[in-house]
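One structure coming up, written as structure tokens, with questions to follow.
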């Protein structure tokens, strides 16, 4: 197992290399630069040019890349153009809302989707099944920003059940925290829920149609135990994959939802940073998400091994 | 004759499909006696597997299958039981062995666990007893090092081993009837023989009735006492092995027998073939179901459905021409 | 489906080779008939096909259906609700929303379609050639992994900022974002097919590499690719809308569903129709494509579900 | 000739302004913000502890010396930092941290007599050294100031006097100190020296009624009342523009950063914010009709359609004239802002009534496509495409779309290049990629800060007569003289067309109807006298 993990960790290196080169070149190919953004709307060209030189942006690109990577390896992520804050502290202050939002939306998704998907599969062709299928199709077809707008209009303005925007940190109380995140979490989680429901149903159907379920039934296993023991454990592999995908999706896809609901998370930081050409912040966030991506996939693979003995050997 | 333990009477199984109800088996009746081996043969799609699974009511009755007729296990009609009562029959009194052990054993549980499960469901015994018994079963079906194998997963075993494990699962609770649905099809020839030997041995040792479903006539000839020949959801001929192999009455049975390659046949001689193919279930011909492919079929055969008639003490046949064709053919 | 599938197979006793061939053909025909029936019996996929067809028709026939030029300004009549003249109302520059939504369908569907097709082609190309050379395979797959590790919306936004707002660039960005997934799929499938005996036998017969790749492997991996293409089509429509929603998609004044929505976002409280109609069209089209994709998958591979 | 601005003069003027309804503000609510700009009285009752103010963006830095972002000024100018002088309602520079200031007869020497006893937020007292350091840092960070004073710098005369001796008249300098995009905030000498790697101030220490408390990126900027604040005016008296007494009735000002306009609007309707910035024109009528809210709008700046005078078709005078003759400013601005604009040919905004002039207005908003066609035909226009570079920021691209449709009607093919703002800032440096770009200018106190008159500013209006008139204005010895030159300059400008100024955009705001004392003079609400009585 440790060999497997070590191998996986090592395989992160080429991925990160590719990601860092791609994102560095992209970011530096984008027209405009942070110097102009730092000086504001009415700054003169002279002032901008002077700042650019000061920031080392007139150096050759390759040199800038190696400087950046060198600093990264030393644990120095650089400094943001906003208020001269270090990228590390900026990310730390922005990652909390994103994590909260991701966990919240995943909880909503998983708690609803998995049982519903199983019920639908168990009662294939029933009204419940059709309802679940319809909801999951709607979810897959409804972009989060549309759903977000709708939720905001309905629950925030018309019914006033939830605040339309404005993030409340955990330090302001769990209730307020969750309340401020409910609408965005639904907007973000609905598509994941739909996907999970669909996958749960599909893989459950596949499992239920399998020979070993027939065999289990033939040896007299009770229906509940059939679902809860035989079927669920075999469905877990699919569920773990979908769950892993959803975590990545929730973290990386939060940009639109976060800026819509004014949640100061990583996604919003990223979109804002693109606007102000905050090179180091953009690059670090993308790298961070890439690392996270790889880590989640690794954890998923390890969990596979726990669930399915066949994977353990390979 | 030995004690009759299972009696199937006028069993019909219909499937709910996109095109409405589809009759997969139509009025099948037979008995199984204690200690006997009953072979059920026929082409793929003739309904032999459906028959065996209908006996255990394995098809989902909510949205897939509609059963009618009777399946009596010692005067108890299985079709009248609740699902709960049915669960007590399955695996305990009637067990089943499937064709593909790799897909039929749950991949995520150890083989020992799967045998124990059957034991713990039906017998009120402790985990430890169940474990010991499971190891015992593994030994019984001829698995070397049963203690070690106990903790292995199905994918870690060879095909023959897996099949033995499945037989162990099926026999764990000492059933009165074992249904073996093409138990050797997926195996190598040498392993096939070993598994068949095992089934025959178990049949003798445990004195249970075995329903052997297969399309391998050679296996039937070697192991079974009686044979049912099925065609398109009906039994077309029933009889002792000797009867069927030596004096087949139904033209279809004759065709089957003629198509067995024989050592004494001439090299280069073409094997016998039955003309045409099995029709789709939805398009069952009128009259005798075999008529379109039957070389002897006359006018009556195409309009009137024949009954399964008793020809002699042990043999029944479903053919209008049974009497005229009773002379042995080529 | 699997539970209901009733085994219909070849008899082990059968006819001669000619008849075998005939039989195979008739069986294939029967199979096709069953597939088509399965497709048409599935109300979802028929609905999907209908929605997509209607959308395409609306897009193609937009100039005949619309009374207004989608670009014609009429600032006096800005942000007017539905009326006999303007079925879907007008936007903040007085343009007819009905016309903009229909013409928007042209752009959104074109973007989605071209992204789907291009992604499919490039994915197969990369996937196939990745199987021919271990080094190339490693490099290509690492690049794919790298690109996949970057969140697609963010990657697309950045690409758009680099390339500049232009429909062509929207397509390029979305293709870059979706090709890695497709390439991985194609490669995986190709790897499986490659190991199969008939490919081995083709090699023994001395068939050229390119010939084997395109004539023998490609057709065998095309089914899952086609299914995936419909899903890329659908997701591209969503991503395009998201890009435009964030102001980095199809540039004004050309209408796309995303940039109509982007405009509507600012006035959602006064002019909800600017969000509702393009939103509904987007959701409906994506729904249609998803259903169609499911239908196609069942059609090609009934065992998949 | 000596001009001394004294406290008394300011007060009398303030009274007049109050009577006339306060010049530049056009508040549409029944409760005029100017009327309610009564100084808050912390002693006269308790006030809600924190005001939540939703703003749409945050600034890269709050260093006002070096950063020209509007939001930084809206939050901090006059609130955290004060200047030697500030603007009254007539956009004249009047004392704030000085007792008075005076020019020499040639207007080349400007001296300030400093107030004493003014406390910085770090507890220290303001000295002449602090002022000199701050003013000189400002000059170096703000190239418009730099180009006015050349290499002249502030110097300490005695403990309470500082002065600057310029090479040319400095008559426009006080207004620039008071109200330019980079106002001359006074901070400590130590804070001036403590800069980060990019040259921005690290510590935000001012003399204003609020001290900087906390800035959570993308969340909020929080200010806290500075208890040792010594105000300039007298308690209870009305403010005049930005000048006068600041009472700080509210303990905390929290500027919440809410980028999405619709979210902000929904938030104030749901009672989550006490005030929101950046209300869109489409939401404005609804908020105006809401009995719980007070709304206000004021001219916040002007739009500039800037021609490329260096290369391409727009370098031709006839072409610029034709474009200006053809366009319908009303339509262009409606497309951009709905009802959130005001027409007007004056380059300066309503907040600077002193500089208001209609010189050149006969060339403004002619909407005469036929005449424009004629001009094009007479000059042999061959159908070269007209490339407009525009950002999708705040819907500015809609102006370009409207122009495209208008210009194509007279036979000018228009190519739009819609980019994001940072890209526009980059692209506009290259004269080969555009013929016109669109930008906007926030209010400036003096016309010399209209950067587009400079030959080096992207657009490159390199015209001898324009330069001469501009020089005449900046070199004027009295304000009246400067005003006269400005009129001449604007009249010529409408012929030469360095830019087309189609009109002014409105800043629109809404706040809780119980919120009193919001200062609405120029550039958005200020809250140093605002509070909600409990």
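As written, the chains take the letters A, B, C and D, and residue 1 is the first residue of each chain.
Note that in this section contacts are C-beta pairs under 8 Å (C-beta built on N, C-alpha and C of every residue); 3 or more make two chains touch, one makes a residue touch a chain.
Predicted model, so just to flag it, every value in this text is computed and none were measured.
Traced through touching neighbours, the fewest hops from chain B to chain D number 2. In terms of Cα centroid distance from the overall Cα mean, chain A ranks first. Interface comparison, A-C against A-B: more C-beta pairs in contact at A-C. Of all chains, the one whose mean C-alpha position sits at the greatest distance from that of chain A is B.
Centre-to-centre, using mean CA coordinates, chain C is 49 Å away from chain D. Chain A and chain C, compared by their mean Cα positions, are separated by 23 Å. Inter-chain spacing, taken between the CA centroids of chain A and chain B, is 53 Å. The set of chain A residues touching two or more other chains comprises 30-31, 149, 153, 157, 259. Residues of chain C in contact with two or more other chains: 3, 161, 265, 268-269.
By the touch criterion given at the top, residues 71-73, 75, 78-79, 92-93, 161, 164-165, 247-248, 251-253, 265-271 of chain C touch chain D in their complex. For chain A in complex with chain D, the touching residues are 30-33, 36-48, 51, 54-55, 79-85, 90, 93-94, 149, 152-153, 156-157, 160, 163-167, 259-262, 264, 268-269, 272, 275-277. Those residues of chain B lying in contact with chain A across their complex are 53, 56, 58, 62-63, 83, 87-92, 95-96, 98, 100, 103-109, 117-118, 121-122, 153, 155-156, 166, 169-170.
Residues 14-19, 22-23, 26-27, 29-31, 133, 137-138, 140-143, 145-146, 149, 153, 157, 202, 205-206, 209, 252-253, 255-256, 259, 270-271, 274, 282, 286, 289-290, 293-294 of chain A are the ones that touch chain C when the two sit in their complex. Across the complex, chain A meets chain B through its residues 123-125, 210-212, 214-223, 230, 233-234, 307-310, 313.
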